[in-house]
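Note that chain A is present in both complexes that follow, paired respectively with chain B and with chain C.
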Partner chain A sequence: MADFGNISLALALTFCVYALFSLFFGAKTGRRELVKSGEHAVYAVFGFVTLAVLALEVLIMRSDFSIEYVAGYSNRDLPFFYKFASLWGGQKGSLLFWSWILTMYGALVALRNRQHAGKLVPYTLGVLSLTAAFFLIVNKFGANPFERLVVDHGDGARHAFAPQDGNGLNPLLQHPAMVIHPPMLYLGYVGFVVPFAFCMAALLTRELGAGWIKLARRWTLFAWLFLGAGVLLGGRWAYVELGWGGYWAWDPVENASLMPWLTGTAFLHSVIVQERKNMLKVWNVVLILATYMLAIFGTFLTRSGIVSSVHAFAQSSIGTFFATFLVLMGAFAIYLVVTRLEFLKSDNQLDSYASREASFLFNNLVLLAACFAVFWGTLFPVFSELIQGEQVTVGAPFFNKINVPIALFLLFLTGVGPLLAWRKTSFESMKRIFLWPTIGGLVTATACVAFGVRSIYPVMSFSLAVFVIVTLLSEFGRAARARRRNTGENLVSALVGITSTNKRRYGGYIVHFGFVLLMLGFTGRAFTTEGWGEANVGEKFAIGHYDFECLAIEDVSDPNFSGMRATLAVSKGGKKIAELSPEKRFYQASQQTTSEVRMHHALLEDVYVVFSDTKEDTGRAVMQVWVNPLVQWVWLGGFVMVLGTLVTLLPNRKDRAVTRQKRAIEQLLRETDKATVGR
Partner chain B sequence: MNRQFRFAVGIAIILSAIAYFAVAGYNEGKAYYRTIDEVAAMDPADGRRLRVAGIVQEGSIERDGQKLVFTLTQDPKHTMTVRYTGSQPVPDTFKDRAEAIVEGRRGADGSFEADHIQAKCASKYEAQYGANAQHPTQLKLGGAGAAAANGAADSARAGY
Partner chain C sequence: MNHLSAPSRVLSPITPTVLAGCARWGAPIGATRWCHALRLVVLAALVFSSNAFAQSAKTQLKDPALATRFNEVSDRLVCQCGCNMILQVCNHVNCPSAVPMRHSIETQLLAGAPNDSIVAGFVGEYGLKVLSSPPTSGFNLAAWVMPGFALLVGLFAAVYLSMRWAAKRRVAVATPAGPIDPELKRRIEDEMKSV
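Showing the complex of A and B:
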């Protein structure tokens, strides 16, 4: 089965290289049959990589521990679900999975655009094949998951070896969120390769009109959706599984996933300016290239070990592969942009601060600044060692200090930007649009101060959130009222109606609303209360405005682990609201201790309890407790953002009608063609 | 020209504000990588924030409720007592022989007052077979962290 996997990989690589050349040469020399053959090869590559993935899954399911990867990331007792997920539990498997998604996207692009004439699509597929070829080379030669386990008994020779049982998947990763988080993240990371390929193809063919940007935008939106959802799922996993009370630690690997998301967000906004005003063309190209580079760089950062991270991927030789590839692709992309500058001229200029263009400009500016700050902060140990000769790290204070004001500014733009007119908004209409939102914001600020919130950022955040929500409501309200005047529908169907006639606009508003909720959730961090409590059975302690009574302390055991469990009754104002039983477990197979966090979720605040230890002298259980306000809003906001993005991705009814018409015309043309040939 | 100038001013203001926050955040959050022997040789009056990597000495972890004391080793000769006083719970990966990175300041008595701990455990097979080096070309950029990782592999191997 390992040989089968290896052969599949080799065939995939061969076909990939073939596709690369036949697509480029076919498109360049205008030989249609060569291009067609290249497209078929793209499907074949996907097929072979699929076979390789299946081979690895079969090896994992069969617990074939003579394979190093299987021995390293699976074991006999692992539940089916997690066995399946060990495909992406370790480095080599996850890189194969990366290739699989990439070649799947290649096949999808080929399939969806097979009717598309011209050079753009073959070149796009060519660039996709180039990236795929790189990853397949890594899979085959750099990090081959089908490698056999060998030992050196000290005689210099290598002996095949199959242990009785595997190492098992890290118990921390045995969580449902961990099964879907990596695939989501990869769908996002890899998804950014597609807009990059369209962009490179447009640069290569000099077809830099409106065609490629539309395709690139859709794919970016798609990738952005998955990346964002993946990042949030990762945060959610950290929150419920890692037991440190938070969901984001500015760890290098987290930062790596945030960076392409930031540049992708910038692109999704600035592309609107290009579509409407024919401006910022170079900028958009640069954003797509940057997003792609950051996506690959993220994979590199995770695996190269150049910065130490809590994420367990060890450093390995494939860092060199990635660094080389990044430098080559970067140089090539910059060369293409510079030589095509004349095709990327802008038709317009910025006119006024009070214009939508300007709000997009500032949106891009701060998003890029945030990305740059995260990049700089993440790599600071490397830079400082190169420059000063000693490693200096910047911790969470650095990232928070920069990104909190940036996020607040973005929140402000979220409310202002969509309502400003293109070119210039008159003072009169500004007054009309922003009167109520501003009042709403000011009232909120006053209320916050009256209720004793003294720190500036939370007050700003709450006020801006209300400001944005009022603008969004007034936007929906105005459009729905207008529609009701015409159709006489009820409010709900009018809202559905306006959203479905302009999915892109109103979907975008829903995403913005989700962002507001997300920001509210982040703001809750400012009000976190945390404390320790010790109790024996029957004893009580209090943290924040919650009382905890210890009901039981007992041993727990399972074939997989052994440990202790404490049961606590949680009450607020004398009323019992929950019973929580956090555990401390020790996993035999991996020799690892884990804390099983228990929490009580509520819309306003979470009570989060970790069983820390037992006191040796008194036998009391020591608990660490967090009261985390508004955390649920983070997940809620993420959910709303996903929902809004999905609305945006749905085709508009108008588009569908156009597609139908186009199909009919094409059909007609084909028939006339046949008729002509027949005659 | 005038219009472009006005936008340039706005952009400059925003960027300098961000730069200001960056410098402030840097001063608040920076920590210097030091090895254990370097910490031992340090001037006790030096109150800089440090980040030190090492291996948790087997059997040295003493927990009592929220207090935690353990010994971090660089090699048999250089060890350091670490007192952890942070509010975050110690990560689950923190255990005997784990590679750990502590952040904090050097105490007057030469021990280390940490308020932050990161830990990573080298997995069994990686530790065992990492030594037989299928890939001799390792990227040498990791500095202290990488050295600690290799150290972790070493000590873990010694255990098997």
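Showing the complex of A and C:
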């Protein structure tokens, strides 16, 4: 099976190189049959990589420990789902998974645009094949997951070797979120290769009008959705599994996933300006190139070992592959932009700073500032070591100090942007539209201060959140009222009606609402309460306004692990609200100890309990407890953002009609072509 | 009942007044819903009205002022066991690095050492990497300055570009339009009539 996997990889690489040349050469020389052949090769590459992935999954399921990767990341007693997830649990397997998703995207782009005439799609598939070829080279020669375990018995010869059992998957990765978090994240990371490929194709063909933007926007939104969902799921995993009471630690690997998401967000906003006003053409190209480079950079950061991170894969030589690829692609992209500047001229005209296009400009600026701050902070330890010879740590306090004000300004723009008109908003109009949101924000600020919130950032965050919510409600309200006047529908039907007629706009507003909830959730972090408690069976301790009574301390065992469990009754104001059973586990295969957190969730606050240890002298269970306000709002906000993005992704009826018409015209043109050739 | 440094909550003076007022409002039927809503708001306010910011209880210090200083110091340091976590956050049981570091902070605080000298002691022992954020001197100042500098450069670029674009617009508006072609005028009028 390992040979089968290896052969599949070799064939995938061969077909990928063929696709690359036939697509570029075919498009350049106008040889349609060569382009068609290249498209078929793209499907074949996806097929062969799928076979390689299946081969590795079969090896994992069979517990074939003669394969180094299988022995390193799975074991016999590992539950089925986690065995399945072992595919992306280690460096080599996850890179193969990366290639699989990338080639799947290639096949989907080929399939979706098979009717599309012109050079843009062949070049796009060519660029996708170029990236795929790089990853397949890494899979084959840098990080091959089908390598066998060998041992030297001292005779100088290398003998095949298969241990009785494997090392097992890292216990921290044995969580349901980890079965879906990496695929989501990869769908996002890899997804950004598609808009980049469209952009490069547009640069190569000099077709830099609205065409590539139209094709790339939906793919960008798709990738942005998955990356955002993946990042949030990662946060959820960290919260549930790592047992430190938080969900975001500004770890380099977390930062690596945030950066392309930020530039992707900037692109999704500025692309609207290009569509409406034919402005910011160069800017959009730069943004999509930056997003791609940051996606690859994130992969490089995770796998090269240049920064230390709890999430990073083992340090390996493939960092050199990635660094070389990044430099070459970056240089090529910059060369293309510089040589195509004359084709990127746009009608940049700004009537007023009080306009929607100006707010988009500032939104982009703020998003890029946030991205730069994260990038700078993540790499500063490397710069520091290079220049001073001494590494410094850039931890959460730095990122919070820099990014909290930026995020608050972004929240402010989220409220202001949608209310401003294109071109210019008059002062009178501004007074009218911002009156209620401003009153809402000021009342909230006063209430916060009155209730004793003394820190400036939480007060600002709550006030701006109310400001944005009022603006969003007024936007929905205004449109729904107008529709009700015309149609006589009830409020709910009117709201559904306005959303379905302009999904992009109102879906965007739903995403903004989700962002507000997310920010409220982040603000809750400022009010976290933490404490330690220890108790034997029947004893009690209190933390915050919660009382904890220890009901039992018992041993637990499973084929995969052994450990201890404490059962606690949690009460608030004398009323029992939950029974929590946190565990402390020891995983035999990996020889690791982990804490299994247990929580009581509520919309207002979570009670988060970690079983830390038992005291040797007293036998008491030692518990670490966090009371985390508003954490659920983070997940709720994420869910609303996903929902809003899905609404935005749905095609409008008008778009569908236009697509149908375009397809009919293209079909007619093809038939006319055939008839002409036949004559 | 075993209390281990459970953090105290300080309510704002207004809170009991509001709660008492709410209790008095209980009777009128029309006010019940409002009263319930206000109670929810007050409950939320209770959650957020704590005067401490991200309270921690990783210290056995009983004096609230010293406990607050313990939090401030441990927030400025990183655990050296390799977990890369802020000393305040590291939750490893019997961590070979976090436990002695915290103990050392407690001892020095009880001995009356100022926060900065405690932190400086750790820097002397472990180097700059023990700090959770880069210091604000020498080359490391760049870590703090660069994001703000980049934002300023971006802001200037955006303002400069937008002023250029605004000027372009003024030129476009100021350019007098030539006389309308009579044929075009006729077509526009025809189109308008057909609408």
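In this text, the second predicted complex is superposed on the first by the 659 of 679 C-alpha atoms of A that agree within 3 Å, B and C clash if a C-alpha of one lies under 4 Å from a C-alpha of the other, contacts with A are read in each partner's own complex, and residues count from 1 in each chain.
To be clear about the criterion, a contact is a pair of C-beta atoms (placed from the backbone, for glycine too) under 8 Å apart; a residue touches a chain by one contact, two chains touch by 3 or more.
None of these values were measured; they are calculated from a predicted model.
Engineer: Following the overlay on chain A, give me a clash-or-fit verdict for chain B and chain C.
Structural biologist: They clash: once the shared chain is superposed, the two partners overlap in space.
Engineer: Using the touch definition from the top, say if A:Asp351 reaches chain B (first), chain C (second), both or neither.
Structural biologist: After superposition on chain A, A:Asp351 lies in contact with both partners, chain B and chain C.
Engineer: In the overlaid three-chain picture, which partner chain does A:Glu147 touch, first (chain B) or second (chain C), both, or neither?
Structural biologist: The answer is first: A:Glu147 touches chain B but not chain C.
Engineer: With the two complexes superposed on chain A, say which partner A:Thr594 touches: chain B (first), chain C (second), both, or neither.
Structural biologist: The first partner, chain B, only.
Engineer: Based on the superposed arrangement, let me know which partner A:Gln624 touches: chain B (first), chain C (second), both, or neither?
Structural biologist: After superposing on A, A:Gln624 lies in contact with both chain B and chain C.
Engineer: Could you say whether A:Ala542 touches chain B, chain C, both of them, or neither, answering first, second, both or neither?
Structural biologist: Touch partner of A:Ala542: chain C, not chain B.
Engineer: Classify the contacts of A:Leu604 with the two partner chains as first (chain B alone), second (chain C alone), both, or neither.
Structural biologist: Second partner only.
Engineer: So, A:Gly533: does it touch chain B (first), chain C (second), both, or neither?
Structural biologist: In the superposition, A:Gly533 touches chain C alone.
Engineer: Could you say whether A:Ala71 touches chain B, chain C, both of them, or neither, answering first, second, both or neither?
Structural biologist: A:Ala71 contacts chain B only, not chain C.
Engineer: Can you tell which stretch of chain C collides with chain B among 27-35, 63-71 or 117-125?
Structural biologist: Stretch 117-125 of chain C has C-alpha atoms clashing with chain B.
Engineer: Which positions of chain A sit in both the chain B and the chain C interface?
Structural biologist: Common to the two interfaces on chain A: residues 243-245, 308, 310, 349-351, 353, 358, 361-362, 365, 369, 373, 376, 390-398, 401-402, 406, 530, 532, 534, 595, 610, 612-613, 622, 624.
Engineer: For chain B, which residues count as touching chain A in their complex?
Structural biologist: The touching residues are 3-4, 6-7, 10-11, 14-15, 17-18, 21-22, 24-26, 28-33, 51, 53, 63-66, 87-89, 91-93, 95, 101, 103, 116, 118-126, 129-130, 132, 134-139, 141-146, 148-149.
Engineer: Show me the residue ranges of chain C that touch chain A in the complex, using the header's touch definition.
Structural biologist: Listed in rising order, the residues of chain C that touch chain A are 1-7, 9-12, 14-15, 41-45, 47-58, 75-76, 78, 82-86, 89-91, 93-94, 127-135, 138-140, 142-144, 146-147, 150-151, 154-155, 158, 161-162, 164-166, 168-169, 172.
Engineer: Could you please specify the touching residues of chain A with respect to chain B in the complex?
Structural biologist: Interface residues on chain A, with respect to chain B: 68, 71-72, 147, 149-152, 158, 163, 167, 170, 172, 242-245, 304-308, 310, 312, 314-317, 319-320, 323, 349-351, 353, 358, 361-362, 365-366, 369, 373, 376, 381-382, 385, 390-402, 405-406, 409, 530, 532, 534, 590-595, 610, 612-613, 615-616, 622, 624.
Engineer: Under the definition above, what is the set of chain A residues touching chain C in their complex?
Structural biologist: Result: residues 243-246, 249, 251, 279, 308-310, 348-353, 358, 361-362, 365, 368-369, 372-373, 376-377, 380, 384, 387-388, 390-398, 401-402, 406, 447-448, 450-455, 458, 525-535, 539-545, 595, 604-605, 610, 612-613, 622, 624, 629 of chain A touch chain C.
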